[in-house]
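What follows is a group of structures, each given as structure tokens.
There are two complexes below, and they share subunit A, which is joined by subunit B in the first and by subunit C in the second.
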Partner chain A sequence: MLSSILASGLAIGAIYALIGITYNTMFATSRVMSFTAGQLGMLGGVLGSMFILRLGFPLVAGLAATLLCCAAVGVATEFIAVRPVLKSLEQHLYVLSTLAFALLIQQVTAIEWSTEPQPFPRLFGIGSGIWDEKYWLPVVTCAATIGALEYLYRRTLIGRAFRAVAEDNFAARALGLPERNLRVASYALAAVVGGLAGFSGGELMLAFFANGSQLNFYGFIPVALGGLGNNRGALIGGLALGLFQQAANFMVGGIFASVAVFVLFIIVLLAAPQGLFGSTVARRV
Partner chain B sequence: MLLTRRSLALAAAATSAISLARPAHAANEPLRIGWLASLTGASSAPAIGFNRGLIFATDSINAAGGVKGRKIEIITRDTQGDPTKAVNATQELISQLKVDAIWGPTNSGESLATTSIMARSKMPNLHPCVVDSLIDVKKYPNAFRIAPSNSQWDDAVRGYALKILKARKIAVIGDTTGYGVTAAKASAEAFKKDGAEVVYLANIDATQPDMTPDMLRARDAGAEVIVIWSVSTGMIARLLNTRGTMAWNVPCVGHPSLSSGEIASLVSNKSYWDNVYAVGYKSCSYDSAGKLPTRTEEFVKRLTGKVDLSDTLLWWVAAGFDAINLVAKAVETTGSSSNDAIIGYWNSLNRYPGNFGNYSFSVEQHNGYPTDEVVMSAANSAKLGAFTLAPGYS
Partner chain C sequence: MASDRTLPASRIRAAQPSHRLASLAPFLAILVFLALLPLWGNDYRALIGTRAAIYWILVAGLNLIVGFAGQLAIGYVALFAIGAYTASILAAGNLMTEISPALALLAAAAVGAGFGLVVGLPALRLRTFYFAMTTLGFATIVTQIALGWQSVTGGGIGLSGPSLPAPFDSAWGLYGLCVGLAVVATIMSANIAHSRFGRALIATRDAEVAAEANGISKPAVLVCVFLFAGAAAGLAGGLFATLQTYITPDAFTFDLSLLFFISVLIGGRGSILGPLLGTILLTLLPEIAAPLAAWSTFVYAGLLLVIVLAMPGGIAALLDRSNRQPLAANRAIVPNIASLGRLLGTARSAQNLTLSDVVLSFGGLRAIDGLTLSVRPGEVHGLIGPNGSGKTTTLNVISGYYRPQQGRIVLGDTDLPPGQPVGRAALGICRTFQTPRIIGAASVLENVMVGGTLSGRASFVEALLSLPRSHRDEAAIRQTARLALEVVGLGALEDVRADHLQHSELRFLEIARGLMLCPRLLLLDEPAAGLSATEILRLGTLIRAISRAGVAVLLVEHHADLIFEICDQITVLNLGRVLAHGTPAEIRVHKEVVSAYLGG
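And now, the complex of A and B:
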């Protein structure tokens, strides 16, 4: 039983963590919580299934096509749902615009794809039982993504530019950094991360249009638990959430597992409103 | 203008002539049947099947000269599975288009919203929706069900588990939707009433990626049958995959969705779909020799080449066909398309031989589908929209 909790808990937790990182990446350059993050995860599964199973693409080409499409949706999010409301950030209009865009993505997928879950291809055919690839693939993908992002942010010029915009976009602009282009690029990058979450978790979650809203919701919890903008916090929060959720499934049953998750979430936020790994920000009064 | 006794008498005569003439629109006007169809959207598959039967029935009757010379005109409104759209369409069909009867809606959510509207105008209404409360002869004397109710499904599942599979320890699993919770609870209570032991009762979130916890608990509790009440093919496939991985060949019985074609692509191994039995219907089931009942066989012959059965269920097509014929027969027999005439005729039916079932209605009973015709089918045996009877039936 414990091995089963660990296998499925870590797998689903890694998917939540990747969606949390998607939220963070979009937030870093725009200060906007884009509620399209979960839909990008859903698209990763649906597009992966479409390219590989329906259109017969080989694995690598299918993955590339999926991520390219997700990146295009990320860029569209920035243009359609984020850019028009950036001037009035304090009115939180982005909640409405990104939620509306997320709903649009979900409905189009339901109409054009299917309202029933569709199969996702077995990617490598490695492992069985708790070592089945559907359990370890999201974990490996999550680790690789975190490593790649760390490398990007710390070792490359464009990564440093992202960080500069995230820390102070006025100063970054004053230094001549193309803040708008960097924001578009960060939305494309976030969408690729979201797409990877859905693609690597496709065997576990299937290619299903309704996964989007679930990922939106559960992917937000690691962000809140780990601290907004903190990828390491999102990783730890995501894995903890996955493990706790699966343990609750075993201990109290599925119908009460969600209740248990939210009780814990509220307790953590009451104890540490800034998140477990976030820092309190001084506010000028 | 001067009002004289003669002009008053003439006016009264003209008024009574007009009012007497009203029902006579039957003579050469088409027989209008409203069709509340969820032809697009999430729950469109049944309506598409019903629609094929309905069009086939209408074309057949019209080609033979109509009903006492009146052609049947179907007025379709696509409700997209949305109760609000269904309400608007119902009002339009009754108030503006003046239909003679309505077939549909075909899902319970829409029907719950429209049934009372139809009752207010005494509109003759046939529908195939399963929610028990949709039939109430006092509140809705105009509404008639030509498919089984949820209780009848439950009876069939329970009967199969207890009498044919001879199971005494039952696990009941539903999803967390309103339907899943209600159906699982009612099913568990009915099993207990019949003396069985419900060793495990659970509602599972349909998107839960791993069903191992629930299947382990059911196995450890000693379940001899798993009863599943869910329309989520994803959840059903995960349960079957987990059962297969555990190498636990316990029979699964339950909701018709267990036989959905989607399951075939979602199970990891085709054998995981064996020993699974879904609610089905005697009229649309192959016997052990692979033959349909004679009446259905003849119906399928008539459909061949005209109606595609490869991507739908035979009972949907048959029920759509029967609905139109029930309206036509009422008008033909009574010679009238008034609400009272149609409802009165339906209330007099005793084992009316439809293609989907033998319908019986009375003033006290508007659940027209016979319980003994609800059976269990081998879930993975679909062929041209019909299924093989589950083992154990004669």
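And now, the complex of A and C:
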């Protein structure tokens, strides 16, 4: 039992961590927490299943098409739900606009795809039992994504530009960085990460429209616990959440497991509103 | 101001009968329509009408949270479900011996209030998105519990709702009951909106820092409102179970939550009529556009996006015409100092403010480095110094926003507790801000009335029921606020939305709000910034008059002329330390000050 808790906990935790990174990537350049993060994860699964199973794409082409579509949704989010409300950040209109956009995505998926969970293709057919690919695939994807992001942020010019905008928007603009284009790019990047989460976790979660709101909530928990914009915190928080949830699932059953997760989340959040690894106190006066 | 001008119901105001009538008219029209509906309606229309009334009972409470307090509580269907299940379970006797349906409905309201508090509490510590997420999470949990706790809730199969005795067992009987309760909910929420609690909610939404400085404790007002909204939601849920006669977890989807939430936003923030119209509109929408039923969430979400992007003011802003007229361009602020005596007549006992050895550092930077300072009643004490010398920081320490690492701050004999801004107003300390912190969407008068929040005596329940003490509070606060506006010279602008004022007028508005407290100590943070030369002269006269009425005034300012004109004592700061201290005449010839600061 312990091994299956570990396998499924780490797998689901890696997916949560990736969604957390999706939140963080969008937040970094725009200071916006977008409700679309979970929907991108859902789209990764649904589009993957659509391209590979329904339309018969080969694996690589299917993955590329899925990520391309996700990136397009990410860019659309920036144009439709984020850019128009950015100037009134004080009123927190972004919470509403991104919620509305997320619901539009979810509803179109429910009507045009299916309201029932649909199968996701077996990608490689490697492994069985707790070593089944559906368990290790999300973990490997998560590790690879974090490695790639670290490389991007630390070694490449565009990654440094991202960090500059995240650090100080005004100063970055004064330096002549194309802040607006970088923001659009970061939304596309975030969408790709979200899509990867859904695609790699497709065999575990299936292609189901309701995964969006689930991932929205469970992907937000690592962000809240790890601190806004802190990818390392999101990784640790995501894996911890996945393990805790699966352990509770095995021991007390699904419904009370989600109650336990929720209660724990509220308690930790009330005790440490900036998260366990975050430390920003905004100046008010 | 013309007193017979029609005023929008969307604004918090009362008092004059003509205003009252004009703002009541739309509500009465809706009520008359609802009363006449049975004459030409069939049972299906009764069902729709009842549903709208039930939804409104919930939205009336939610409106205070979303529209007035600005808290994004998007998961309110959870409380609706809790109310429905509580009433059904108690009436069916699944958990204990069955009780009468009427009692079950009351119990639903009580349980709703309890859970309303539980759902709301995170809002006291968490910011917008976090709070929205917790309410969303709560909504998911409630549905899952309803599914899982089969022995009590019937799981996915559900259970039957309470059936009320005659005359409420017919379609139109239940309709009458729900409409009646909806009227009560409307009146109660309007009572709160028009009381000091309603203004306090808006103040915490739009000017949280100023609300604290005026003694408004956000937790205290929010807790009251969460209880009320929870009770309304629980009752609405109980009635919904009665209407449906049978409930399953499927009845409480997120769509419903969205309907409640969007009703408030379509209606417009800080309005009662707007959300009422929004609720009616959204309840009717699926009936009018039946083919859209499958797409209802899509339509709601689309509506939400359109509102946020295109008309953030909602229906209320469309209805509000009075604030579109331009103000006279050549208006002047003429303070009426003669009335100051009446305003501060019952002034508090005068007390010294003393700071001793206060040290505050941000990381390695010592923003205040051993500051000792004394401000006497009846005196204007100037605090000057170059940028970054710690002037505003000193004000923030005194008013409790910053907690110094060392030193004492004493007013009279009482030590001011460090880092607690909310308690300052009760001690008679008020302040203005470098950038005026006002409620843009409220009128000038309402903004000033926020300063009188502490003088109210009526409790939340008294305000909810509009009992005599609440009326007396309101009348007294309004009268004092008018007087304060007259004193600072803004009397003619009391009905204008505050965000239509010029910058200089906002500075005087903040002083009027501060005077509502009958302060012992007035802290002014660069009140002359952005004022014309004439306005600065008038400001100087006003500040001096306030100090002569027995108030200790601490003035942070850059205008040297004003400082030397009106101050009795001046302290010069540099790098967080006192560079010099003395009368204006002494400071004028102080060598270091002249060379370092005045550039002579």
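Here is the rule we use: the second predicted complex is superposed on the first by the 282 of 285 C-alpha atoms of A that agree within 3 Å, B and C clash if a C-alpha of one lies under 4 Å from a C-alpha of the other, contacts with A are read in each partner's own complex, and residues count from 1 in each chain.
Following the convention adopted for this analysis, a residue touches a chain if its C-beta (ideal position, glycine included) is under 8 Å from a C-beta of that chain, and two chains touch if they have at least 3 such contacts.
Computed from a predicted structure; not experimentally measured.
Visitor: Is A:Gln107 touching anything from subunit B or subunit C once the two structures are fitted on A? First, second, both or neither.
Guide: In the superposition, A:Gln107 contacts subunit C only.
Visitor: Scan A:Pro117 for contacts with subunit B and subunit C and give back first, second, both or neither.
Guide: Touch partner of A:Pro117: subunit B, not subunit C.
Visitor: Is A:Ala224 touching the first partner subunit B, the second partner subunit C, both, or neither of them?
Guide: Once the two structures are laid over each other on A, A:Ala224 reaches subunit C alone.
Visitor: Check whether A:Ala81 is in contact with subunit B, with subunit C, with both or with neither, and answer first, second, both or neither.
Guide: Once the two structures are laid over each other on A, A:Ala81 reaches subunit C alone.
Visitor: If you stack the two complexes on chain A, which partner ends up touching A:Leu264: first (subunit B), second (subunit C), both, or neither?
Guide: neither
Visitor: After lining up the shared chain so the two structures overlap, which partner does A:Ile255 touch, if you call subunit B first and subunit C second: first, second, both or neither?
Guide: Both partners, subunit B and subunit C.
Visitor: On the A-aligned overlay, A:Leu68 touches which partner chain: subunit B = first, subunit C = second, or both, or neither?
Guide: After superposition on chain A, A:Leu68 lies in contact with neither partner.
Visitor: Residues of subunit A touched: more by subunit B or subunit C?
Guide: Tallying touched residues of subunit A, the top partner is C.
Visitor: With the two complexes superposed on chain A, say which partner A:Pro273 touches: subunit B (first), subunit C (second), both, or neither.
Guide: In the superposed model, A:Pro273 contacts subunit C only, not subunit B.
Visitor: Would you sort A:Leu99 into first (subunit B), second (subunit C), both or neither based on which partner it touches?
Guide: Touch partner of A:Leu99: subunit C, not subunit B.
Visitor: Name the residues of subunit A shared by its contacts with subunit B and its contacts with subunit C.
Guide: 253-255, 258
Visitor: Can you list the residues on subunit B that touch subunit A in the complex?
Guide: These residues of subunit B touch subunit A: 42-43, 176, 202-205, 207-210, 212-214, 216-217, 232-234, 237, 245, 260, 262, 265-266.
Visitor: For the complex, which residues does subunit C have touching subunit A?
Guide: 72, 74, 121-122, 125-130, 132-134, 136-138, 140-141, 144-145, 147-148, 208-209, 254, 258, 265, 294-295, 297-298, 300-302, 304-305, 307-309, 312, 392, 396, 401-402, 433
Visitor: Could you list, by residue number, the parts of subunit A that touch subunit B in their complex?
Guide: Its residues touching subunit B are 1, 4, 8, 11-12, 110, 115-119, 129, 204-206, 208, 210-211, 214, 246, 249-250, 253-255, 257-258.
Visitor: Which residues of subunit A touch subunit C once you look at their complex with the stated criterion?
Guide: Residues of subunit A touching subunit C: 33, 80-81, 84-85, 88, 91-93, 95-97, 99-101, 103-104, 106-108, 111, 213, 216-217, 220, 224, 253-256, 258-259, 262, 265-266, 269-270, 273, 284-285.
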